[in-house]
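First chain written, first letter: the chains are A, B, C and D, and each begins at residue 1.
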Amino acid sequence: TQMGTYFICTPIQEFDIRKIGYFKGISDVHRVTGNHKMVSSKWKLDRTIIDCGDGVLIGDNNLAMMAGPCSIESEEQINDTVESLLKNGVRIMRGGVYKPRTSPYSFRGLGMEGLKMFYQACNKNGIKIITEVMESAQIEEMMPYVDIFQVGARNAQNFNLLEALGEIDKPVLLKRGISGTIDELLYSAEYVFKSGNEKLILCERGIRTFESAYRNTLDLNAVPILKEKSHLPVVVDPSHGIGIRKHVIQMALASAAVGADGLLIETHKTPEKAATDGQQTLSFKEFDELMLKLKKLKEIF
Amino acid sequence: TQMGTYFICTPIQEFDIRKIGYFKGISDVHRVTGNHKMVSSKWKLDRTIIDCGDGVLIGDNNLAMMAGPCSIESEEQINDTVESLLKNGVRIMRGGVYKPRTSPYSFRGLGMEGLKMFYQACNKNGIKIITEVMESAQIEEMMPYVDIFQVGARNAQNFNLLEALGEIDKPVLLKRGISGTIDELLYSAEYVFKSGNEKLILCERGIRTFESAYRNTLDLNAVPILKEKSHLPVVVDPSHGIGIRKHVIQMALASAAVGADGLLIETHKTPEKAATDGQQTLSFKEFDELMLKLKKLKEIF
Amino acid sequence: TQMGTYFICTPIQEFDIRKIGYFKGISDVHRVTGNHKMVSSKWKLDRTIIDCGDGVLIGDNNLAMMAGPCSIESEEQINDTVESLLKNGVRIMRGGVYKPRTSPYSFRGLGMEGLKMFYQACNKNGIKIITEVMESAQIEEMMPYVDIFQVGARNAQNFNLLEALGEIDKPVLLKRGISGTIDELLYSAEYVFKSGNEKLILCERGIRTFESAYRNTLDLNAVPILKEKSHLPVVVDPSHGIGIRKHVIQMALASAAVGADGLLIETHKTPEKAATDGQQTLSFKEFDELMLKLKKLKEIF
Amino acid sequence: TQMGTYFICTPIQEFDIRKIGYFKGISDVHRVTGNHKMVSSKWKLDRTIIDCGDGVLIGDNNLAMMAGPCSIESEEQINDTVESLLKNGVRIMRGGVYKPRTSPYSFRGLGMEGLKMFYQACNKNGIKIITEVMESAQIEEMMPYVDIFQVGARNAQNFNLLEALGEIDKPVLLKRGISGTIDELLYSAEYVFKSGNEKLILCERGIRTFESAYRNTLDLNAVPILKEKSHLPVVVDPSHGIGIRKHVIQMALASAAVGADGLLIETHKTPEKAATDGQQTLSFKEFDELMLKLKKLKEIF
């Protein structure tokens, strides 16, 4: 079993692992079978903890909260949200500035303008930013203002984007594809990891099924299975996972009970006026209620 | 809003509800719109509590536990299980004697012989029995030995069976169909209710999706939605819902956290030797662990 | 390879096949591996042809047409349909008298009254009847009036019904389950076959997916795959398979092109007035058009 | 109804269409309701025909064939394929040089090197090229060597790529997403169209379902529905749609029978040696057989 440092290589061809076992300083050599190599819990037994800076961690035994609006709308909106987060001790704010929308006629975000505004308000309050990047060409420009890059469900197999994110040194949160398998999510993570970036977070956000009574089918089975197969932290997005505001709190509690390392929650001062996703966004008051219940839950696990 | 007793009728034709409003003793008359009438929370605001006799309730604020083997195998097996249940204060034992099996070459249960053995061992220990009935012709014979009739996922739309169960006076637990919608589950419940039996329990047990990393996709979204739409108790079967033994406890905790009124859990003294479903069955030791964790969870909700 | 007559047995335990190979009159002995035994094309190379009597065959190289209304409604309706069928040389009429309906408040068929009426009108015109049976208790009463028993999608895994149909000597058409796999359909066929009835027809009728632009997803992939795996005839129901009247003809042509042995088509004199399924039912004029196009198609294959 | 030329605009705000109706030269003004505007058959009644140059058309009443290997491998392979296409009168060759692969360890194509080789061999033989583009940054470099840009299933909602392709003047073929709805495919087409490129082809290639007996579920229902909803040509990829070599011909015939405007077929001199997708690739001999059968089919429709 793994105890100290390691290095890993992925030879294309057949290779006799005894060759390197004889080198000095090597205590042990293993062959990792299975489809996924670097993200697999077979070669790395310790769970990965993501350090977002300033003591903000994901994957330690605290439930990392990432909350905020679906879309960044205005300075006032950001400040209101920051206040709500600070009050609850939440250190990461979510908010989209590039929005992938099914229809070209929908609101598509404030872009770089919005991101800079978002960054300024959060940075001075010690709050980290997670926001979605839609293609590799955007990375460089966004880089100074982003703490965690989010890859959305529709880009879960945008391999060019994944490899480009593999070359940077900031955490990346990968959402499972709209009908993506667990296996595919791990392969997508492998793309990033293999390209050099080990700061990865996996995110369950609901899958597409035949059921139409809610938006997506939140697949909480995926949490223990991902945590068994991979050493990476696993977070859940119950807001997208059910898509109905009044049920988000319960699904968030279930996500925590099943062992998620963190939660992505959509919150807004006035959900009914949100530019996007208002139907699944908690008010600040509801968010306070959620935080209180999560606190109780954490005490027993 | 509903405060006292009620009666309900489902006229086929258009009807002027004022006609009955004038009768003496009628305090109020409402028209229930929507597809489901009698199982809908629109006409009955109080949540239904199922009384299985001897103080065994489902739907009050305790989490009703129904545990036991997938299949009844032997007297010894039943007695071992009873002992495990008694130790944990569990009052309902599950166990199949008629097993719907995809292949005709699989083990199909001990039938009436097994049921009588099952009943004897449980009855003298004050434990109630839940077991599956596969067609209406079996009901009469099974009747004296069964406390809760279970309708399996494959029979979720066996309307003849549902109507026959509507004519008896024992609780019925309806499992959601293999790819059944929430709407269809409520319609199936309506079949039973409309035929006269109001002692109904709804059960989420996982749905069929494209994902193959586990057996079924446990749909915990269904719990708050069913509880919103219907006044009937909602229980969860995490054993079938994930189908992998080592993850059942976590999924059971998530089910409790999301507000389930009860749990169906497969347990066996030696899961690896179980006639059926061993791969998803908890050992008695694992079951003890689950009960301990559930106890802690109940304290905070 | 198989050339003459055969007999088959399904021993539960391990068995040395050489034991029976030495018996006189045995030319060869084979072990059939795989999940399905008797319905598998591994042990029977000739394709099965179902003889419905009076020269009405399913599975020979003609496309067997089964057409008629979703529900039997009246004598006049039956007579109108018979006339349309006779005109087009169609020898099998479909029509439901027991209707499985999602809601208990929907029209559920005329029952035995309707069946007798149906039989009389068809019998005197040399037309065979296919109609749905919903539970084993109905078989005996229906027996004299039915030529082909249909098992509906919701009963695809009603194993008691399947075994009961295995004990009669009339053809049985099995519809694939609402989200039934190909494998499960073959297992269900195995239930009937193993119980003694070899007159089986498999039917693809669309599966449940996430797509909501039509009723079901007609899975024409299933046709070549079922014909490869099994020796039984495979028919298609494009009416349920798309559920939209104006597209049924095209889907029927595709079904014929892909190699179906027959088609189930919903037709009605006035589809817009049909008691059930009007939205997917062809008018007689549209049915004539379909028959004309199928005739051309048959000339080239 | 539409008879002559048209222009269309998509005002964001409410607008009184009578304002422009009074302008000179305007014969009629319509408001297009529904989600999709420009790709909808509501505003353009004539079906769109894509001109790929040199008389190669898609969407006229001939079935446009696009055949070739999954991946471009070598000059010899290209020349062999060209020969097979010329023999059958096929004018468009498919072949991937950038391959989106689930695993980063799989073969990912020859890139620009391969594309240039591909172009040279086809161009001198009057054969048009269709190949996949994976991100907007690749378009410019690929431009001189590509006749039709293909957007793969995994990029079906890569909106940045779609908009970038909207700004060029070459045909674009959009594959339906892995579990993409018909509605989403039309929205994706709308992204391209709205950005200025009207040369669009829609492609059904199978969707993800629970069925595992084949690769994808070819959804032929989508063909008549897409042709009803949109004026764009609709082609089918039966190779990916079933994923099993021996069944591709039958699925191709069904696709033609249902009214597809063209087919994408994977062919290779020695499928068993193909770098990718060999299991679903036709040999040249099988491709000849398909072309012969399609010819017969075309005579009757």
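One rule holds for everything that comes next: a contact is a pair of C-beta atoms (placed from the backbone, for glycine too) under 8 Å apart; a residue touches a chain by one contact, two chains touch by 3 or more.
For clarity, every value in this text was computed on a predicted model and none was experimentally measured.
*Asks:* Once you count every C-beta pair in contact for both, which comes out on top, A-C or C-D?
*Replies:* C-D
*Asks:* With chain centres taken as the means of their Cα atoms, state the distance from chain C to chain D in Å.
*Replies:* The mean C-alpha positions of chain C and chain D differ by 36 Å.
*Asks:* Centroid from C-alpha atoms only, then distance chain A to chain C, rounded to Å. What do you get?
*Replies:* Using C-alpha averages as centres, the distance is 49 Å.
*Asks:* Approximately how many whole Å separate the CA-defined centres of chain A and chain D?
*Replies:* The answer is 34 Å.
*Asks:* Could you list the positions in chain D whose residues touch two or more of the other chains?
*Replies:* Residues 179, 183, 208-210, 212 of chain D each touch two or more of the other chains.
*Asks:* Just say which it is for the chain contacts: an open line, a closed ring, a star, complete, or other.
*Replies:* complete
*Asks:* Give every residue of chain C touching chain A within the complex, in rising order.
*Replies:* Going by the criterion above, the answer is residues 179, 208-210, 212.
*Asks:* Mind listing the chain B positions that touch chain C in their complex?
*Replies:* 10, 12, 35, 37, 100-105, 134-137, 154-155, 157-161, 163, 177-179, 183-184, 187, 190-191, 194, 208
*Asks:* How about chain A: which of its residues touch chain B in the complex?
*Replies:* 179, 181-183, 207, 209-214, 217-225, 228, 241-242, 244, 246-247, 250-251, 253-259, 296-297, 299-300
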